[in-house]
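Data block below; observations after.
Chain lettering (A, B, C, D and E) follows the sequence in which the chains are written, and residue indices restart at 1 in each chain.
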């Protein structure tokens, strides 16, 4: 029983990551109809916003410490962050500690800008082109973005911890009456879950309570006619793209403490996020979110050793197995719209 | 008994009874027109005949055999062809290729793995296609992308495609809409000629009364999913209810 | 490659009264094919102009060029609407300047209900007819307001396309075969509406295959052939000129 | 192919070596470090720089005038850490550039694949970083040599230290990467810890493509285990360790003992990726720059002066492999693979960092001291992340060639190619 | 010729000539020159060009004609490779049975996956194929290790049975794949001055098979079957109401292209007897998609060009290290040399991905029809110049120029 509760919690958390990534993707892919292979790269850039901010905050001057030596036997160079100089050691350290949450603020303008530039400079010309061309160009872009990040940050993962107060875990089991140590849960994952819920809610509200969503959907179905009705669809597409980039970026920023960011983390998530979006159903936001959570939870269950012992290798294939089952039983995924990318 | 027997066919869309208790009998080698106000259920009825929709109730017999439960391609292979209300053609293919496909379907059946001979080596098909294009005044457009044609031309192509299959029952959904007058008249002549020569049965939906009255042997008026009257063209012309609900003063 | 319009046939180009909509020496291409070949004409405020010609003459292309859709691509020419240079605008700007087009294939937006299709038209100012008024004109649309637009019957879709244009406050209405697929009674209804809005000052360009019907309604007529203007004059002139009708309209 | 009796016999005044390392993909940084070491080795062989370990190497055959008087040139390629790409790259070096020896790589899959290729083509393969038992076990080849340690050795070296630190009454839970290297490492660590009295409560395989290990970490505590063994490498290890620490495993008490985590195979680059999470965590490693023997010191100095930071264990292995190859050629007096292999087989040497070392003839595995390390509590720099806890002597990690963990496969005979 | 029309015959002949003379065409630079790094005329890469060419040509039969975008074709490549290696292990080192089995098994595999996946279209189909391929990859890498060799790939061993052959050679080595005694790796060098050209048995076998495969593809493209496939892409609805059953058409296309992939996989294993699981990963499926689009989807020669392009970058650009760069720019003054190396450095060697990414973008932005479109544009340019130079105006202009 507690094992199951535990996996549900894990699943919710994994699911919120999937849902958040898929949410950004479905805005571009499900709504604008662009097969965006660069979405993973946007997620990755978000995570590197956190890395960059923490690098900026820890920008240091070097002083020589004569009492210690480095690996070559020379006096050790010690780095003192400028933040200490400007804000004093206490505030300075606190700033460095809070780099990831601060990066949320930092990343929003950055990602919006990235999204706008990407849409205006590139994607704009590809709405009417075949999906295959979209794949090629966005895949090329993804490689370029990755390589640029690799050039500056290297290929190794870069640890980007959460603020000290969020490190470690709490005993969820003990709180709800189970034995101690049976159901533990890290604080940061709780934060991640809450954050994901917030972003998902905000995006839903924006698209639900304004005509924006409807106009963009209409524009995707038939740009020409929407233009004839006096609507500047280009501008709305740009905004939509910017929002999607920002959502992807935020998902990345918040993910940085969970797994150290590296330059190819986007590619690792790319296939999965496409699967989530399609299983959710093309053009459906709630579908993508639902599929994200569903796959997250099922993946967690499949990783239980009792299950693996029963069906060896199930944890390797569960996502795809579920995807196949759903797509075969429901022609348009969980909540797909008719006619979106069916040909 | 007619070649097409529609019995008690009904179809609902959610709360809307699009068709109810439709009974229709189309005699072999006749032209049967179905007219009626917009949204009366005419296209829906045709959809039920070709397997695009499955009626909720009733039965449809073609030449004594039920068409319900068959897939569209099977129904077509039985000898029913349809021209759609908005032209359905192969936009990415050339006009000539568009013309050849139904002829292949006629010759080779629903599937044939004919992967090693050249399309243009199939002389018989090619000749028939060229002939049909010439008949439809489309010969000079044969190498054009079908999608790049004007709409009137597309419609003529679609009719030609259906005719080339030598169907026993040809269903036409507003075949002359958007066609220039001259071509409309050509089409009427062609249909008449084909009906006589090849003993084809035609069921036609049209709002252009000129076409209806030139072609039809019998007319069914459909209103709100139900047949209102069925009679000969002359009787229908003078029918007061039809005049009021459908034809208006201009007819 | 500058094909100058033939002024001898362009009677009213020389008129002094300032035109409301004026198209001057417009050329447009689909890719490499040269379709609109130097079209010029004027329309005065409150006038109905019939734009006629055979299939493939370039009527649709002309309307699309005026509406600045981008395909066909206008390479040269000026379009002025009420002193605003449409030729410098994108299609949505032209629409906001008072242009409304009812496209020939209706272009109902998939995925949206009837009501959403209409609401969409009222997002960008200025707003025209209210939904209630539109539903009064086309009661069928009112009944079907929650239905997805593309599942409407052909005629209902046509009504929706017209209603959508009226939902915006426009100065010039471009109608591309608006009667297609409509029952005769509805056509009568729409003609009445056109006369009504004309009396309120609406300027209309009407493309229609049923030339006689269009000419009876219109004040003036322009006839197109292979992308160029072959006649520009009053509607009555065409009705009286058998030669013209036979040559370009085949009636 | 030339007619001197073996593949790519050097004809002119130069000899070409092929450095086949991951330049793209997750191990690109490791590959870059390997490449630095190779370049340094070539510099030293050609008589440039300070000579590095050539001065401390027990063999004096190398003169700093290239190999057999021929200037050493090299070509590089990208393995992408995929066996296909690695073989393509190695083939191009052999077929196009005339490389006479191929070396490099940073995973066992690649090492095994390229080793088989070199056997077939008739060139020598000097493995880079490869830790799986199979490389010199069931997939061993006569033309391939490994200077790196292996899963068995990790287990054998770790067990005594773990016993000393954590006692012999422990319950271990293994998370294992679901592919060959993971299997051999799990088996090795399991059998050596069980031998000293530990109990293995559970072993769970995790997919290669897994990035978030939470659902595997979370049940660990419920199992009653008090040690978690992470048989993961690279990104998998960084993530699983990070997740384990996130879940607070290290702060827990189970069975009245502190919960502990063990990482059988450590590398400094991984430790850097995992950041503060490695503090106090034990594992084994092939070599570390803080070793104080003369060879290591010379190498660190030479490398550090040139590049500004200390070398990684992968760099060390690659450097040493190049020297060993060159030395064997000098001693054999020929580039012919079989002659070189003969010179390497059963060869004993010293001064290359891990003390006295033997290239065993039976399986071409190097036997040398293995380091047990621990994540440092107070690192002074980015490189100072691990501290050496124990240098396990070679004798303790040596096993019989027919040890069950290495069974199957045959070395075959050396191939000179054509 | 061969039942092809003139342009197709020309195309086939061009491909034949390219294949035949590839060892010359791909090795244009003398071995001693700095540019020799750009030579691609060594057996392994030449084999790869044609093998991936076959793969892409087959993929294009499905994607180019029907528009169904499969993201799982690498699975068939993998199945082909595994079957071939198993054949080498169990039966003999002759490549013929190995290749036959690869084609057959991948065909069966494609039939099963295609039958299920083709119940959906559009993106849903793509994701279904992706899911199947990813499952195959994940399982091959882990649970199926006993059959697939897992991480290290499936290899030959000295103790394999090889019932119709020998387990090991007299010298105690594993025998190599051969065609009735002709070893696939057998090569013959032609040295002409500073140039060296290598002729390799395996390459020519692959090239012959590519020609056959290409010829078949032309026939399929031009056949009624090919036309039906294009019709499927254009309007399925119309197909159905024309009395045609689209499902067997798409399934046949899927199986044929799966068999092409299996053939490529079998050849790959025949040239280099090892089958790695990465061959089935989505990135490998993605690669063939990229090859096809890059070259020009729906064109005959495009996929082959695309395959060559990507493989060239992967194998040639990744080998350009700083050492090589310094070699090139050595003639410059030191400062300039270093500057040049610094500029070029990020784009070669470990930066080859970057170059590839940039080229993908440039090609798709400026040549919407892929490389073939680029070729056509160049062709048109020449033709236009021809017309110009023969036109009367041009003549007049020339005369004027001469007079001045």
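One rule holds for everything that comes next: a contact is a pair of C-beta atoms (placed from the backbone, for glycine too) under 8 Å apart; a residue touches a chain by one contact, two chains touch by 3 or more.
No experiment lies behind these values; they were computed from the predicted model shown.
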Graph distance between subunit C and subunit D, where chains that touch are linked: 2
Steps needed, at minimum, to go from subunit A to subunit C via contacts: 1
Farthest-lying chain, centroid of Cα atoms versus that of subunit C: D
B-C against A-D, pair bridged by the larger set of C-beta contacts: A-D
Mean-CA-position distance for subunit E and subunit A (Å): 34
Whole-Å gap between the CA centroids of subunit B and subunit E: 47
CA centroid of subunit A to CA centroid of subunit B, Å: 53
Residues within subunit A bordering two or more other chains: 313, 316
Junction residues of subunit D, two or more chains touched: 28, 32, 178, 205, 207, 209
Shared interface positions of subunit B, touching two or more other chains: none
Every chain pair meeting the contact rule: A-C, A-D, A-E, B-C, B-E, D-E
Of all residues in subunit E, those that touch subunit B in their complex: 3-5, 219-220, 222-228, 230-231, 233-235, 237-246, 248-249, 252, 256
Interface residues, subunit C side, partner subunit A - complex: 67, 69-71, 90-93, 95-96, 100-101, 103, 107, 109-112, 116, 119-121, 123-125, 164, 168
Of all residues in subunit E, those that touch subunit A in their complex: 63, 67, 69, 116, 119-124, 126-128, 130-132, 134-135, 138-139, 141-143, 236, 282, 286, 289-290, 292-294, 297, 346, 351, 353-354, 356-361, 363-365, 368
Residue ranges of subunit B in contact with subunit E within the complex: 50, 52, 71-73, 76-77, 81-82, 84, 88-93, 97, 100-102, 104-106, 108-122, 161, 165
Residues of subunit D touching subunit A in the complex: 25-29, 32, 178, 202, 204-207, 209, 211-212, 214-216, 218-219, 221-222, 235, 238-239, 242-243, 246-248, 251-252, 254, 269, 272-277, 289-290, 300-301, 304-305, 309-310, 380-381, 383-384
